[in-house]
Amino acid sequence: MSMLTMDQAVEEALFEEMERDSRVLTMGEGVVQAWARLRDNFGPKRVRNTPLSEGIIAGTAVGASAMGLRPVIDMLCAPFLLYAMEEIVNSAGKLRYLSGGQFSFPLVVIAGTGVAFSLGAQHSHNLEAWFAHAPGLKVVIPSSSAEAKGLLKAAIRDENPVLFFRDFLLGRTPGEVPEGEHLIPLGKAAVAREGQSATIVTYGRMVLTSLEAAATLAEQGLSVEVIDLRTIKPLDEETVLASVRKTGRLVVVHEASRSCGVGAEISATVAEKAFGALKAPILRLTGPDTPVPASPALEPFFAPAAPQIVQAVRQLVG
Amino acid sequence: MSLSLPELLRRMLLIRTIEERLRALVRESKAPVTSPTTGQEAAALGVIDALSQDDLLLTNHRSMSHLLSRGADPRRLLAEIYGKRTGYCQGKSGFRHISIRELGVMLTSTVVGAELSMAPGVALALAMQDSSAIVACFFGDGASCEGVFHESLNLASLWDLPILFVCENNQWQWNVSRKEAQAAARISEFAAPHGIKSQTVDGMDLEAVREAAQAAVAYVRKERRPFLLESVTYRLRGHNSIDPQSYVGPEELAAQWARDPLHLLSQRLAQAGVVSDEARAQLQREVDAEVDRAFAFAQESPFPGPEELLADVYA
Amino acid sequence: MSMLTMDQAVEEALFEEMERDSRVLTMGEGVVQAWARLRDNFGPKRVRNTPLSEGIIAGTAVGASAMGLRPVIDMLCAPFLLYAMEEIVNSAGKLRYLSGGQFSFPLVVIAGTGVAFSLGAQHSHNLEAWFAHAPGLKVVIPSSSAEAKGLLKAAIRDENPVLFFRDFLLGRTPGEVPEGEHLIPLGKAAVAREGQSATIVTYGRMVLTSLEAAATLAEQGLSVEVIDLRTIKPLDEETVLASVRKTGRLVVVHEASRSCGVGAEISATVAEKAFGALKAPILRLTGPDTPVPASPALEPFFAPAAPQIVQAVRQLVG
Amino acid sequence: MSLSLPELLRRMLLIRTIEERLRALVRESKAPVTSPTTGQEAAALGVIDALSQDDLLLTNHRSMSHLLSRGADPRRLLAEIYGKRTGYCQGKSGFRHISIRELGVMLTSTVVGAELSMAPGVALALAMQDSSAIVACFFGDGASCEGVFHESLNLASLWDLPILFVCENNQWQWNVSRKEAQAAARISEFAAPHGIKSQTVDGMDLEAVREAAQAAVAYVRKERRPFLLESVTYRLRGHNSIDPQSYVGPEELAAQWARDPLHLLSQRLAQAGVVSDEARAQLQREVDAEVDRAFAFAQESPFPGPEELLADVYA
């Protein structure tokens, strides 16, 4: 075990995979500075600064991955992905299918997510739901440095295009990370905390907020289960449904806006497949359907906070 | 490939015959809609003839000339157009995004500009694998209106990528004339500011295209640098096989048909005594028979089963 | 009343609004040919063919609308929007908010949607859920020529950016359209058919499929209510909730892929706000999480069909 | 605006003083992070001085010089940077996307390239309203790597839009050197293929920039055609106020500081006897006092209330 921030864990995962597999290369604006250790060890051919051109960065990853390379591109902030949607969604997500399986696209797109540092809506915009809605892509969002390492290593080894969202705040938060070969399979959620009377399904930084709420509820004598999805797509329905069948109550928590978000998908899945087990309405605590404000006075109100989660759970069991 | 002039003529006849047959059949709803390359056969064939077998191609929605020039099997090609299981993409693509990996035809997209966004990655892989192969990226004049065209040129120049950018400037972008869409006089002029060499050639003249392409290919292969070749050609048919071209002036169209690359080549080969009119008539008969067989194969081939809907989403 | 296809109804709405308001202009690839009547009547300044550059088409609409013009841009097919996400989502959707309300963006983006004509996944991709998830945008999808006219006229008069999705098949289907001033307010759903024992919530072309299913069910003695959302965002929760409170059963139907689609949002909203009224699980019938195949043999299996809807409803009431 | 040389010097002092103050305060966490325009004051001021009041501007994340040159109130500007209700955007923006409609500063986006995507629409509106005003669109060398730069140039040329494209080529794109990101020698060279006139000027020399800008503005205003002006300047500070610039060579940085536009102008005005050293010291004292008041206003201003989170999403 070593203590690493999520950003350090990402670099460690990249380092190990680049050492393991010479086909892995990284590209992006400033990756040479961000991942100096990679540049020093693997050289300029495999760690490439790019022009400020998100479209061609993603398109290049698509072309390179079809040829057998395993590119990892850093798009910095999720909203910058909007210049690369054509390449990620129309090309990487569809050309395997449209070609009758002639090509595969083992690439990873890293993008920063989360409401932080008064960045405002053009840097802070949680977009994971979009990539879950589009076909042919996988989506992961770690909630800790250890998850970041394990999920990124698994994403790099996956044969499909994977969106890897890195939370800005967690990026600077230290946490224990297993040394060496630490892999977390895509598509498997984790039970972050076991409980009996209600289930909280969440992911990314909201896992910490939810665990905080669960601790408070425990003091109040309420045992709550917290599920950390880890992978948004493919979704680990089994784990979610099993928990809800046990507790009968569900609160979904995420920072992204509400309409057509991941919370809607979780809620709808449960309302269809575990309806009989439900003892109460399914609640969603999410970011509002607004852009993210930059003012430090407004920013803290965007994401759900622990007290709201506590209140929501109490409302369900009340 | 460096094919003989008679063989080049045969391929042009094959392309023309298949596309005109498709146009005839679509009127009787006996064929799917397609986007004819009629008028652009020389621009495609001249470049592809200058490539070697291990070079890679990217094309787009208007790919018939590229695919057949490269040696695609007309039967599997038509089967794909008909959405049949025996098609190159198992029927999933239809005519719009046909890629044929076994022939080095990579990653065809019908989204205009996508060929340009994917080409650098394909070339980067060749570079990192120390291959001597190069990438030929075929795109239209309309694609050069998409910003990613410039991003692609910049990256190719910056990273020394072996890409032959081939713009088939056919003067039309669907029903919009190039002049209405682009201020530039020549598309090749966009290369220089990015530090890329370029040339503009008469895309109706097969031998001129081939000569320019041979020089360009040699440059890209030797220097491991990009090059932009613009073929000035013309879309003699509609945007697709059911487009009446009502927006094209009849005089303009007539003038362009007078430049028909197939006619030009036939004439020249006849005059040079390389392929006599009789020999050409014989070639045409052979091609007709081959095309008959190909259509029969495509039409009689089985469709994919419903289970295919869910197949090949993920690797 | 006149019989118009949806495409003709769109042109009629544009004609009337351009006549009414000189600030309205249309731009896009081939709009001059598509809307020759507009070009003839309003001239080249207000009906503009554009270069093949979706990004700048959308960006130009953003800039022009901020200046007080009311641009309507035709992006042809929804997947082509992927070149314009930055302009639509980061600029049109966020710059009013980030500027403290200094600007508004009264623009309309028209895009073709639906699985049709063996176009394949790069022309056929239902993306309405994305724009519902992003902040600051409105989304409408008509199910008939009349709705197309009424919703488009209302969208053009709206002060906000509106995505207007036009179904390819309906585009060629004739239907009765009221002459002149026919407006359908954004944010209001329609009860397309009244019923007692179950509610089908749907939109766009699937309204027709759902009504077909409802007719079959009626013959079988089952009265089903069909709700035509018309506007995806803002969502008319009241109408949906009122219907489910009455029937106690809900099936959501759309052609778009399942994960994080509009159906998930509807289901989650009901599972939270009308849970007490639910007598059965909420079912979603949607397109699969795959690209759209071009083969005429596969294309028909992508969208939900009437028999599946019939079966789903019977399962709920069974 | 055609300000007097002393007033131009005063504005440069004001910009420099505010930004250096912000850099000092951010270290004590008494100010938010910002992106200094230090080194680029002349490139901004020289152009904005050549504009008239009814002309419109688009800027980006590095806007301090543009906003203060245009006459923004330092108090409301700093209040916005601090996220206060009294800021130009009611605190919603922070420093990254400050627009000031009352000064004609439109639609500021922090997404690189967005200024270029929105400028044609602003200019189109002016054209359709038969206004004599023009649009000045300020962007960085990095923005010229985004494909939309070329889409913007093409449309502006095609539609005769009155846009002065102003590239502040400061040699850096965050921590990536321009040479590592762009093959082009000069960004102004991208104009010609689109049929647009251009000029490259020394962005450190206020009078040179102003002279070039006056000619460019006159051309755009009279011809109703776009023009591309490239100012060769340098980002003397980090990408943002906490960036140590560790990736910049010390010799290079020293050489560039020797070109400091504020120093150049002060020197020139002193030598010409227009603004003596004493007069400049006096100007500096006035500026310091103004800046003190502005920071006090910003720091003491109220924050927006929580209800503001949901305000101004829709019109």
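Letters A, B, C and D mark the chains in the order given here, with residues in each chain numbered from 1 onward.
To be clear about the criterion, contacts are C-beta pairs under 8 Å (C-beta built on N, C-alpha and C of every residue); 3 or more make two chains touch, one makes a residue touch a chain.
None of these values were measured; they are calculated from a predicted model.
With steps allowed only between chains in touch, the distance from chain B over to chain D comes to 1. A count of contacting C-beta pairs for A-B and for A-D identifies A-B as the more extensively joined pair.
Chain A and chain B have CA centres that are 41 Å apart. Centroids built from CA atoms put chain C at 29 Å from chain A. Centre-to-centre separation between chain B and chain C, using Cα means, comes to 36 Å. Residues of chain A in contact with two or more other chains: 50-51, 53, 55-56, 79, 82-83, 86, 90, 97-98, 120, 122, 135-136, 289-291, 293-294. Taken residue by residue, chain B touches two or more other chains at 91-93, 97, 109, 111, 113, 145-148, 151, 154, 158, 180-182, 313, whereas all remaining positions touch fewer. Contacts between chains leave no pair untouched here, as each chain touches all the others.
Touching chain D in their complex are the following residues of chain A: 29-30, 32-33, 49-56, 79-80, 82-83, 117-120, 122-123, 288-291, 293-298, 301-302. Chain contact summary for the complex, chain C toward chain D: residues 25, 45, 48, 50-51, 53, 55-56, 58-69, 71, 86-87, 90-91, 95-106, 135-136, 138, 159-160.
Within the complex, the chain B residues that touch chain D are 145-151, 154, 157-158, 180-185, 189-190, 192-196.
Touching chain A in their complex are the following residues of chain B: 87-93, 97, 99, 101, 106-109, 111, 113-114, 116-126, 128-129, 147-148, 151-152, 154-155, 158-159, 311-315. Across the interface of their complex, chain A is touched by residues 79, 82-83, 85-86, 89-90, 93-94, 97-98, 120-122, 129-130, 132-136, 233, 235, 256-257, 259-265, 267-268, 270-273, 275-276, 278, 280-284, 289-291, 293-294 of chain C.
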